[in-house]
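Each of the two complexes below includes chain A, the first together with chain B, the second together with chain C.
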Partner chain A sequence: MSILSDIFVILLNGLQQGAIYVLLAVGLSIILGTLKFVNFAHGALYLIGTYAGLFVALNVPLSNGKLYEWGLSSIGLDWGFFAALLLVPLLVFVVGLLMERFVARPFYDRPDTDQILVTFGLAIVVQELFRILFGSNSLPFDQPERILSFGSFAGIPVSGPVALPIVGNFPQWRLWVIGITAVLVALVYLLVEYTDFGLVVRAGTRDAEMVRLLGIKITRPYIVVFGIGAALAGVAGVVGGPLNVVNPTIGTNILVPAFLTVVIGGVGSIAGAVVGGIVFGLTTAALVSLAPAWSQVGLYAIAAIVLLTRPQGLLGDEEVAP
Partner chain B sequence: MSEKDANPSANETLIGGDLFGRWEQLRGREGTVVGLTAIIVAIFPWLFARAPFVSGFLQGYQSLATLILIWGIFAIGFDLLLGYTGLLSFGHAAFWGGAAYAAGIVAKNVSGDPIVMVLSGTLFAVLLAWGLGFLSLRRGGIYFSILTLAFAQMMYFMAASPLAFLTNGENGLTGVDVGNLFGVIHLEADIPSIGGMLLGTWLYAFVGLFFVGAVAVAYRILNSPYGMVFRAIRENEQRAEFVGLNVWRYKLMAFIISGAFAGLAGSLFTIHGAYVPLQSLFWTESGDIVVMTVLGGAGSMFGPVLGVGLYLYIENIVSTIQVLTIPFTDIVLIQDFGYYWHLLLGIVFVAVVWVVPDGLWGIIGRVRTFVSDRMGGDR
Partner chain C sequence: MAGLAGCTGGGGGGGGGGGGSDEDYPALGNYPIEGNTAVFGFNVPQSGPYASEGEDELRAYELAVKHLNEGGGWVDTQFDDLSGDGVLGYEIDHVDGDTATDADQARQSASGMIQRDNAIMISGGSSSAVAIAVQGLCQNEKVMFMACLTHSNDTTGKDCVRYSFREMFNAYMTGQALAPVVKEAYGEGLSFYQLYADYSWGQTQQASMEQFMTDVAGWEQVESVATPLGTTDYSTYLSEAQSSGADVLILNHYGLDGANSIQQAVDAGINEDMEIIVPLYNRPMAEAAGGAIEGVYGTLAWDSQIDNTPSKEFTDAFQSEYDRIPSGPAQVAYAQTLQYAAAVERAGTFYPPEVIKQLEDYEYDNIGMGAETMRGCDHQAQRDVPVVKGLPGSEQEAGKYYEIVNITSRDDLGYACDAGPAAECELGSYE
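Showing the complex of A and B:
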């Protein structure tokens, strides 16, 4: 019985950890697959999401950094976390649109390496800006207590443990992370697979030139795809912030696993990003409880094995991925 | 003097005794390049740390001069891969840090002889580059960058935890005892007489020799048919393949060579500091070498070294400036300048990638062409 519950705890923890990777990887993957643009600043979008979420969602007492000096020691909305879940993705969506227009677009015709370099530089700039604004110490980002609470309405509690069959008590917020990810990824999947917008985007993935020749303006779908990808990174920042430490280096640190997820799953494939994320999440969770010293190494070992046997990724298409 | 030169007009200027033309002839030759490098390496620490007025203005010091040469070797090797072969590796910290650890572990357990340390560190880096290159080069373009990044991170986490009994984990490898060179020369000691005035310590001379050697080897490779293949691959990999070249083998070799340079630099870094921080395997270290190389100018021989000098100078000296004023006045430009240096560097980096992909060296080149156009008339 106890072994069974251990296994289920590992599974749930793995799914939760994987959910963050999935949110990041789906965004990266659709940008990479559709626009052929390598966004090394995707972690910076996650960083923006986390900090924005931190400030919209909670009455966070800040004890250092520039904002504190400016007198903004707490910004709280009564809507609590729900407000953050709506506002932050919108904010990061706009950031994504701006990035596509002013950073990505001038670089579409330049080599991959230039795209990597400019977004890498941008990631440094964003990270440094946040360090200067908020200090380099880790900030406390408590798990949200309730969502939708407004005025006298108490809202839905989302923190604290919840009793599950077999597993026993499990932190409720982790289940919410899994649920939110599942809903969002399903929405993106439906958007790409079953709408006209998605049709144009998928056609652009195959042959952008042909789409243009058919008289379809592909610029607008492109900018929206970038925005959606960015917004997903923003959501990952909001929901993942309370589960990890919050400091200016989180963006660059999450970038490597996120990119690996994309490459393992297969570029351009949403299902691949989901599978890759879950594989990584489960591996990490299993190793953390079985062989903690190897928990970080396992991720990269799996990546190496997959690439040796299936270079185009688990669900990747050999024709699309170079 | 230059019989094999096929450019008749250049020969004419040489016969004509035009000083500028003679210089143009000379500066492309291997002997000139290596000789000039040796001269600059020899007077650099004096200018940087001990010359009257100049070094007072620069505020340089001996140890930083040594460090610049060490990172310079790293950058030359990195540029062989990025600038000449067109492969952007984000995992060179693996070779730099891996060799640093290898040299340190050998010094602790086998022998602290600097030559043994350099050899073992470099050998380790070569073998590692062979393995990682074999894995990473299975994919091209961005996938290569991501894979190198991933494998280097794997090395970092290996050193941090499972291999902590060897590497001393989070604390870094402390207590590395660097022995005397040839059993007699203590590297930290000053060189006596004129050599000491110019070069300073034996350590600098030791590193300087390797630096000049690295320049000579890199120049030799790049100006040989072998190096031409690297450039061909950078320009058009498919075409190089169709010509009948085994592109995979050349790319792997470029990766191994640049790994060897990084390994040499990493071993020298251990000798220089007698300590290996765990940080030396972290991917920000790979990021630093990318930034240095691109700032200075990828695809040129000395651009990356210029980038290294600039980066380390800003990191170690300019960052200590608290208030930036317009020179010789009291007008404050930026308060707390040192706090912002990394941000400013990031902005400059983005601007360089955007506007001048060939870096600061490219700017210098353009200025030189402009000046020579003005001076040389119809050239």
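Showing the complex of A and C:
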């Protein structure tokens, strides 16, 4: 109604939409910055995270795909959302380790184009695999009602609208998405900035050769970086899943905005990924509100402007060595 | 007398002499058919936001081909013109393509079916943009198009063509069917806010809802906002709608987009402040939206709950083949294929102008939607329209997501040949 409430709604919506991009972009960015590996299969990790989240948290009826034809009329463990939030990142972390070992590692010394081709191919294989298993039909991923319910403790309600001052009704789960993202990104930031592990990773980003000469086996931190990046994509899938219906194309759809976020923020920079995601989210939300016809163009316009004026991204470092 | 006049147009099919009884007509498009097999081209979205609908359409098309060749389903019970032994002695084969819900890709795909596979008839949808693009191509190539899931007024309105027929009703009729029902349910003097998918269908859908909600229900439009096709996050659009102060929110979205927008509207609690209407439903969409459609009114092509013999027979045939309940788009796909085949049998030839004449002003009552006329002036079926209301999540089960509130009679719907969308229709030539 008032301009003030409009601004707050745009801010909140922008932060929420940005949050999912941030989770994906942080993972992409640390993999790209540290390992110099262009991972076009990052969207596929998001896809795996979403379906795994659905599987752990809920029990949904199936009406399509091979699983249905094999006699499964529903899938899911129905263990609740909190369980999914714990288990799925672990699962996708392991998927990330396997991917690093068997897909990424043989391609580290190959050109970017080879890396893009192999990972994009992998993404399509994963997508089609899900399509075969679950069908093209979309599945409803209901928002969690409550999280943290144990025994007599009823848990914290997280779904449905919540009345906020100035803004009015706002979907509560979207606030949780912002909160969960903030916590996870802070953890990754602390890990990279303030631990020995982080030190090795950061040094590796600058000059991998020198780190090796210092006697540090850099493959081990590398595989962990890949795992962490993957796990973040998995979390994005779990928390972002309930915002939309779920189908096999979601991974591909989210890949381009995630990459643009990295480009805007600056490769290798966690803070950059956060800034990029927020800029992205806010731009989309503001354009939808003010000039809907331009909402899709906005992302690309912003990316173009940033690349023209600051090719290394808003918070990215200029390339030190070739 | 082998005619020589058939050299017009760009039909690339082999012009050589074909089957025995075909000599009465000149070559046109892919007529005459070479060999003993007639190829139908099924052009459906197998990827993109309408992929679920496309998948079910394809099942129905394949079932129709099977029944045409081997008997079964409506071929045995509802279509006297059909024998179950092919069509006019030709065995029916089919090819399928992926439109990816994109007009250009659909046109290319259809073009391949016409040029490479010599398809004698093309059928398909979803997405009106796709159907309109393909039917234009078919008119140029002189190949018949049996439109499946296309709901834009323009398909049989300003973009109509002689070579295309539409069984599905349009956005105009949806407005006509919904207005009295929602007026009764929610009252008069309300204000409404519209979001609509920004392409042919969404635009005419929005215009028709504005017209009938204003004229018939006596409501007032606050604002109407276009959203790009394939939007996944509607939250900001929905926040705007919520703060507009309107009483009713009309979501002119379909397929995956529709499932997303309604689910997000409910998550935002909009259904607590506003009444929500989704003018056009279908089953995969309701399935994806789950409990979010509770109490939400809309229309749909057909539903297995419709209680009559053809509907039951189709449901049984589809279920025994695929072990699932057919959706509305599947019924339209199946019906359109048999309609075409029956018209060919009546015409005694695949020569398109004769088949078209058999369909124009044809009256029928055999596909589960009551008595219908395929109107000659715009090729739009005049038929009843089911109005439904979404069931709560707890009452939903496979194949049953809404209750049928009203089957609006075709006598209360439609428009004259010189009015509404038909006023802009110029069908083009037969040959």
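The rule is simple: the second predicted complex is superposed on the first by the 303 of 322 C-alpha atoms of A that agree within 3 Å, B and C clash if a C-alpha of one lies under 4 Å from a C-alpha of the other, contacts with A are read in each partner's own complex, and residues count from 1 in each chain.
In the analysis below, a residue touches a chain if its C-beta (ideal position, glycine included) is under 8 Å from a C-beta of that chain, and two chains touch if they have at least 3 such contacts.
From a predicted model like this one, the values you see are computed outputs, not experimental measurements.
Participant: Check whether A:247 is in contact with chain B, with chain C, with both or with neither, and answer first, second, both or neither.
Facilitator: Touch partner of A:247: chain C, not chain B.
Participant: Touch test for A:125: chain B only (first), chain C only (second), both, or neither?
Facilitator: Touch partner of A:125: chain B, not chain C.
Participant: Touching A:259, do we find chain B (first), chain C (second), both, or neither?
Facilitator: first
Participant: So, A:293: does it touch chain B (first), chain C (second), both, or neither?
Facilitator: The answer is both, since A:293 touches chain B and chain C.
Participant: Tell me the contact category for A:139 with respect to chain B and chain C: first, second, both or neither.
Facilitator: The second partner, chain C, only.
Participant: Answer with first, second, both or neither: which of chain B and chain C does A:116 touch in the superposed model?
Facilitator: Only chain B; A:116 stays clear of chain C.
Participant: Which partner does A:304 reach: the first (chain B), the second (chain C), both, or neither?
Facilitator: So A:304 only meets chain B here.
Participant: Residue overlap on chain A between the chain B contact set and the chain C contact set?
Facilitator: Chain A residues touching both partners: 292-293, 296.
Participant: Chain A touches which residues of chain C in the complex?
Facilitator: Touching chain A: residues 46-48, 51-52, 54-55, 198, 225-228, 232-233, 235-237, 239-240, 242-243, 245, 256, 259-260, 263-264, 267-270, 272-273, 284, 287-292, 324, 398 of chain C.
Participant: So in the complex, which bits of chain A are touching chain C?
Facilitator: Those residues of chain A that touch chain C are 1, 5-6, 9-10, 13, 16-17, 61, 63-64, 73, 135-140, 142-143, 159-161, 168-171, 173-174, 243-245, 247, 249-250, 253, 284-285, 288-289, 292-293, 295-296.
Participant: Residue numbers of chain B touching chain A in their complex, please.
Facilitator: Against chain A, the touching part of chain B is residues 82, 86, 88, 90, 135, 138-143, 145-147, 149-151, 153-154, 157-158, 160-162, 164, 283-284, 287, 290-291, 294, 339-340, 342-343, 345-347, 349-350, 353-354, 357.
Participant: Which part of chain A faces chain B closely enough to touch in the complex?
Facilitator: 32, 38, 106, 111-118, 120-122, 124-125, 128-129, 131-132, 252, 256, 259-260, 263, 292-294, 296-297, 300-301, 303-304, 307-308, 311, 322
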